[in-house]
Amino acid sequence: ACGSAPDKGSSSGSDEPTTDYLPCMVSDAGGFDDHSFNQLGYEGLEQAKDELGADWKTVESNSENDYKPNIDSLVAAGCNTIVTVGFALSAATVEAAKANPDIDFVLIDDAADNDFNGKVDAPNIKPLLYNTAQAAFLAGYAAADYSKTGVVGTYGGQPYPTVTIFMDGYKQGVDYYDQENDANVKVVGFEGGDKGAFTGGFEANEKATTTAKSILDQDADVIMPVGGPIYQGALTAIKDSGKDIALIGVDADFYETDPDTQPYVLTSVLKNMKQSVYETILAAGKGDFDPTAYVGTLENDGVGIAPFHNFEDKVSPDLQGKLDDVKQGIIDGSIPVKSYLD
Amino acid sequence: MSTVEADVETDEAGRPIVAAHGVLKAPTIFALFAALIALVLVFKSAAGDTTFRLASRTDFVQLPEVTVPANGTGWVVVVLLLVATAASASYAARRLRTPVWLVSAYVVLALTGFLAWAAAGESLPVVGLLAGALALAVPLVFGALGGVLGERSGVVNIAIDGQLLFGAFGAALVGSMTGSPVLALAAAMLAGALVALILGVFAISYFVDQVIVGVVLNVLVVGFTSFMYTQVLAPNADSLNSPPHLSAVAIPVLGDIPLVGPILFRQTVLVYLLYVAVAAVTWALYRTKWGLRVRAVGEHPKAADTVGIKVNRTRYRTILLAGLIAGAGGATYTLVSVGQFNREMTGGGGYIALAAVIFGKWDPIKATLAALLFGFATNLQNVLSVLGAPVPSEFMLMLPYAVTVFAVAGLVGNSRPPAADGIPYRTG
Amino acid sequence: MKLALRDVTKRFGTLVANDRISLTVESGEIHGLLGENGAGKSTLMNVLYGLYQADEGEILLDDKPVHFRDPGDAIAAGIGMVHQHFMLVPVFTVAENVMLGHEATGRFGILDIDAARKRVREISDRFGFHLDPDALVENLPVGIQQRVEIVKALSRDARVLVLDEPTAVLTPQETDDLMQIMRQLKESGTAIIFITHKLREIREAADRITVIRRGAVVGEPPPSASNAELAAMMVGRPVELTVHKDPAQPGPAALTVRDLRVTDDDGHVHVDGVSFEIRRGEVLGVAGVQGNGQTELTEALLGLQAHVEGSMVLDDVELRGRSVRRVLDAGVGFIPEDRQGEGLVGEFSIAENMMLNRSHGKPFVSLGTVQQRALNAFAQERLDQYDIRASGIDQHAAQLSGGNQQKVIVARELSRDLRLLVAAQPTRGVDVGSIEFIHKQIVATRDSGVPVLLVSTELDEIVALSDRIMVLYRGRVVGIVPAGTPRETLGLMMAGEQPEGSAA
Amino acid sequence: MSEDTKPPAPEAERPPEEEQQKIVVARLATTRELLREITTGPVMTAFLSLVLAMVVGSVMILFTDEHVRSTAGYIGARPSDFFDAVWTSISGAYEAMFRGAIYNSEGLDFQARIRPITETLNFAAPLIMAGLGVGLAFRAGLFNIGGRGQMLLAGAGAGWVAINVDAPTAIHLPLAIIAGMVVGGLWGGLAGLLKARTGAHEVIVTIMLNYVGYYLVFFALSEQNILQQKGSINPKSAPMPDSAVLPKLLGVRFNLHAGIILALVAVAVTWWLLNRSAWGYRFRAVGANPSAARAAGIDVGRTYTTVMLIAGGLVGLAGVNQVLGTVTSGVSVDLDAGIGFDAITVALLGRSRPLGILAAGLLFGAFKAGGFAMQASENIPVDIVLVIQSLIVLFIAAPPLVKAIFRIPVKEAA
């Protein structure tokens, strides 16, 4: 069956850009649908360009080889702002930024400081960083409070700092809970440093599932998988276990991004990349690009934890209050949270 | 005139048999490992007790937990290992090969000792360890079965990875569109068979080098599925990439057998299908007319041709069947482990399956065991790293691969493929 | 059943392997097919058997034209064939091989192996074969494998039976047995096509003879024709059927082998306490049915066997424990029995093959670089000298005919400074012209003072070339006898019977 | 040309009627032969394979192009829209690919216009190097799937020397290159050694060593006192010092670095090694017929080890190229960038001949470079390139199939 032809010349108006400003983005090897920072950055950019009425260009990288050519091709395409994602793109971003001083760069999750002098290596790069340890600390505290078995777990994709920072904060949160409440809640799956349970990649696969199962086998009743799609493995493990296990999301609020998880999410450790990318691009589009590094903290709501949603009734009534206190303590520095961003 | 006769044991050709060479390999390796474990115990002695948990909390029959002192167990094991070494040496002295049961016993003992040491102060979930090993091995076993079948008929199948991946893709797509796990599985199997068909057209009909076709098919499938994923599946994830999830179904009675039940009989339908597949393939290959012909075609196609067997038709049928099986393995990824399709989600599993085919010496049962060994090593790494092994995670992650290299180089050695494996058959 | 081939033509590219060949066989008749190597005998039979499709011509069974698309059709029409190169699956048992293609099955396609065993026993008892249905074919000596092939063909109740050079791997006595069986079959009405290039056999067995040369029928001589007549017809010119050589002038012992024992990985003993010596300027022939340790003996000398005990001393140099390369360096020349498998690299040019065992240094390699010019000059020279028929030194070895391939190997080995020549089956599957030539070369080598170890399953060849003959049976020396020993005695020795008064 | 249009020649010189007819026929035959050679020869097959593969690629592009799909919805009502869309979509894609790989006609200045071809060369260099390593092993009968591990280890080795040694470029650069090749070679040689000593199948061993190598390098990059950049927490080494970086060939505006020269040198050396050296002679002998090689005194086991050492070194050179040339910002675990596997396809397309590998590497390099441009300007995922590449290899390997598709008569089989 054939439909009728639309009138000639009429095009769906929203496609036509109303501004010359062209924001662009390069993913790292994870691709834009990594359920993690690439995706959140992408969504932030999308939101901003829609609001600006701008066109945009995005390119995915499949390997380390692709970073430079991808950035170069965006430079050649006349982009005004280029968002790059991940420490892996740091060097390529710095190089491109130096070569193209009139283009603004936004680098997610890296300080763009490859000579370690404490300063960003090019004046036209804005690093977006997130001290997720602070938020994970709160999640760890909540997990410890919620746990009935006295065991909570976590595992990661690969021992990258952007991954272990969650696990580290989480563990510190649990330890703080133990210390404050004279409890003995144990963390399985992370020992500190790069010692812990890792699936060896950021794919959702059987390894992610069995690793989660091994953690549940240790009687853990809260689990926090860190590393994009690997949470799907934990979800499978929880469903298969037939037990009452709580899941802690990372990056975004799983309750909203993946409805499948709703019955299980205790809370999520939020890394508000979407918001900060959106704000940065919006500002850049209006000509107010500010290259000062942005560090998301509890204080500026760049990181945080999501509401308990379905678990509202399951957590102890005074938990929210305690969390608010801890949060305040972290913000004012009375509760120290260690992370590599210090 | 007198006849030359020897009063020793002889083979079918009437040649005397003295002793197998290389009988010393087993006792040497045995002794080496016993010494290694002893050394570990001396230099890094483990404090505390180790608990072996033989049942999970929800089990119908609760087997007691076995708690043993880590160090003491270690030493008992060392002594037992030395006994086994002596036994093996006595076989060698009689110029006999160490029997398989002794090797198996040795391995189980050594593992127990190692686990008691590694999990000192913790409790080790034996059920979880073994069930997880099985789960990790499922797609590998399917893939390896497909590989064994193909190679037994003389077609080298490097494209197992492509079949798994395309199977996963097919299952995700059809599963999402129809919501039916049965149709999803069927789609996965057809997808695997489609890859096999392309392999057949090029390798059997057009005599293209089978290694080339296999390698290239893998790339083709990666390219195609990744392309479709980005362009079609990901933007329409709700309707096209949310296949039904297969959950575990306990088999009544069998599922309640202590220890064995939770490991083997509380699995998904795919795992039960796997049991059937392994048994059926093994049985069919060795006991049926079809199997005899498949093996004949893989060993000596011309001989098969001269007795009226259609060589290439047999090969086509066999690899299509192999494709169906490998495709079913692909369904595991999307219907069981993950619940959606992701690009390159097999993570090279097909290559591991290929290794299992060779490791298993082209025998369905041995290839299955090889895949299980790999699954076990992987899950052992999982469990130990969750327990908090005092080793950097990179080395833990290396474990399954290093174990495989060791097993292949140290224990298996030379393996002989079917004689006509990889050689296209042309008729005059 | 009456079989007729009419004007069958089969081409391989430009080569006409069969050129309008016609042939008839009545039931109860043995039809001998005679022709030198490469004449097109096997090709014709493969056309008959459906393995090849004829380009022209037709096949008639009981005067009705038939068309065989594949062997299945031929088998169904009652044609059975024992192939020149055995069509047995080595890793299958005898019973499995026999049942393959017409398996008896129970429910669900389950193999009825017992039925197959019974069938094997039945047929082998009928002919006195003593076959163990459960033995693995790869463990059987070739003589026995031959029987498996015959049982296989008979188990299908073939009414036309093709035997393509069945006697090549048999002792004289076994050959006689086979003839007996053929007569038995003939009596029961089977039509038999019997292929060979051994004149004696064909004269003895055949009722009618067809001789083909270069793909075409050149005559249908009566069985009463003389050897010389048949040979001349086969080759197209009168041939010398005997090798001319002067009496040996043996010098001192050059190679001394003591208590040699060779076992394989599984512990099977292939060579069992063998001792002998060869003097300079002497040919020691090793006779025996294929698979009685000859291969392992030569390989042990070359250092190709892993488990060797005893000693092998060549001019005061112990060869045991030396690597192949060092054995070759010690002056051992080697013509392996499996020409394409071990003697040549098929996809290498003739020139490249000429340096196969001299890739480590002078004269063809210097400073790690192949001296193309020296090699080409050398290869060209040998090409001319040995009359190797090829398009040039760049032609790939695989494209040469068997005889020319063998000449390449002989040329390569005899061009080195030898202290011992080990020649295994030097003329197997080689045409008559080349045989003459190779035989002359071996005799010339002997006459130059080099000791020669000659292994051959062709008793004629052993008798013609050897100065002394050593007979091997099941890895042991049955006896070492002088060249003039009667064939019958040698035949019995090859079956393991020790002649009185012979020194082992 | 017919008989009567021809001016009559003097009787004496004129060949008899029949003869002349023959000559004409013969001449006709040779022209026809020539024509057939052109239309059915290997060059034509290669070209047609390319066309076929691009057609399949086009179908995939069209299938997923929204505009095409929407116009297809009313194809009955206004087919021109549909065909316009089809044309725009396909020509846009392949034009972008060409612009990205060979010559960018839209470039602002000359340099920008020729930039794509330099990118192609840059991508081709490691593919050629690794392809040589895989191809060399193939020639000796070994299937080297271990490119990833060999590249990683080599890259780490080269990086380590680059960072930890301080020397002038003339010494530093060669030293780092050699170090990388040696480490890669040892990693490859390990597989060869295991095969020679224990009979372990090289396919299994090289696959497994990929993973082992990956985690080894990961570990090294996570340890401050091994390779990790001082003060950093990421698994990445410090950037390469200038004295150990492959020089840029065309100045800073181009990425093209001396890696392509190294690749060409590697092609030449490998060609010499395989076709002219005694080693190569033995490699090929072992590859073509190991039993004959053994009987001729060639140590097959040692040959396997040597071949894998050299193959690993060549693949390692690709890793070195990545670390010291393409991505000089530091060693990372992703440095192999899939080249180790791509190299297998390159070697297969190049039929394991050095010059063939050179050609195949250049072709694939062009596809890679073009793929990025296609993605950036047309939003078509680069994965399409994988599809096209693999189809080309398949079709080139099966000329009868290609001819059947295009209905070209197949020459009488010889």
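Worth a mention:
For clarity, chains are labelled A, B, C and D in written order, and residue numbers in each chain start from 1.
Simple rule for what comes next: a contact is a pair of C-beta atoms (placed from the backbone, for glycine too) under 8 Å apart; a residue touches a chain by one contact, two chains touch by 3 or more.
As the structure is a computational prediction, the values presented were derived from the model and not from experiment.
Of all chains, the one whose Cα centroid sits at the greatest distance from that of subunit C is A.
For the interfaces A-D and B-C, the C-beta contact count is higher for B-C. If each chain is reduced to the centroid of its CA atoms, subunit A and subunit B end up 37 Å from each other.
Subunit B and subunit C have Cα centroids separated by 43 Å. Subunit C and subunit D, compared by their mean Cα positions, are separated by 46 Å. Multi-chain contact residues of subunit B (touching two or more other chains) are listed as 230, 343, 392, 394, 397.
Shared interface positions of subunit D, i.e. residues touching 2 or more other chains, are given as 215, 218, 222, 381, 383. Counting partners per residue, subunit C has no residue that reaches two or more other chains.
Taken pair by pair, the chains that touch are A-B, A-D, B-C, B-D, C-D.
Subunit D makes touch with subunit B in their complex at residues 60, 64, 143, 145, 194, 197-201, 203-205, 207-212, 215-216, 218-219, 222, 341, 344-345, 348, 381, 383-391, 393-394, 397-398, 400-401. Residues 12, 46, 49, 51-53, 70-76, 81, 83, 86-92, 96-97, 99-103, 105, 108-111, 132, 135-136, 139-141, 144, 152, 263-270, 272, 291, 306-307, 473-476, 478, 492, 496-500 of subunit C are the ones that touch subunit B when the two sit in their complex. Contacts from subunit D toward subunit A in the complex involve residues 73-78, 81, 100, 112, 119, 123, 215, 218, 222, 229-236, 239, 252, 255, 322, 326-327, 329-330, 332, 334-339, 368-369, 372-373, 375-377, 379, 381-383. The touching residues of subunit D, when paired with subunit C in their complex, are 276-279, 281-282, 284-285, 288-289, 291-299, 412-414. Against subunit D, the residues of subunit A that register as touching in their complex are 2-6, 29, 57-60, 62-70, 72-74, 76-77, 87-88, 90-92, 94-95, 99, 114, 116, 158-161, 194, 200, 340.
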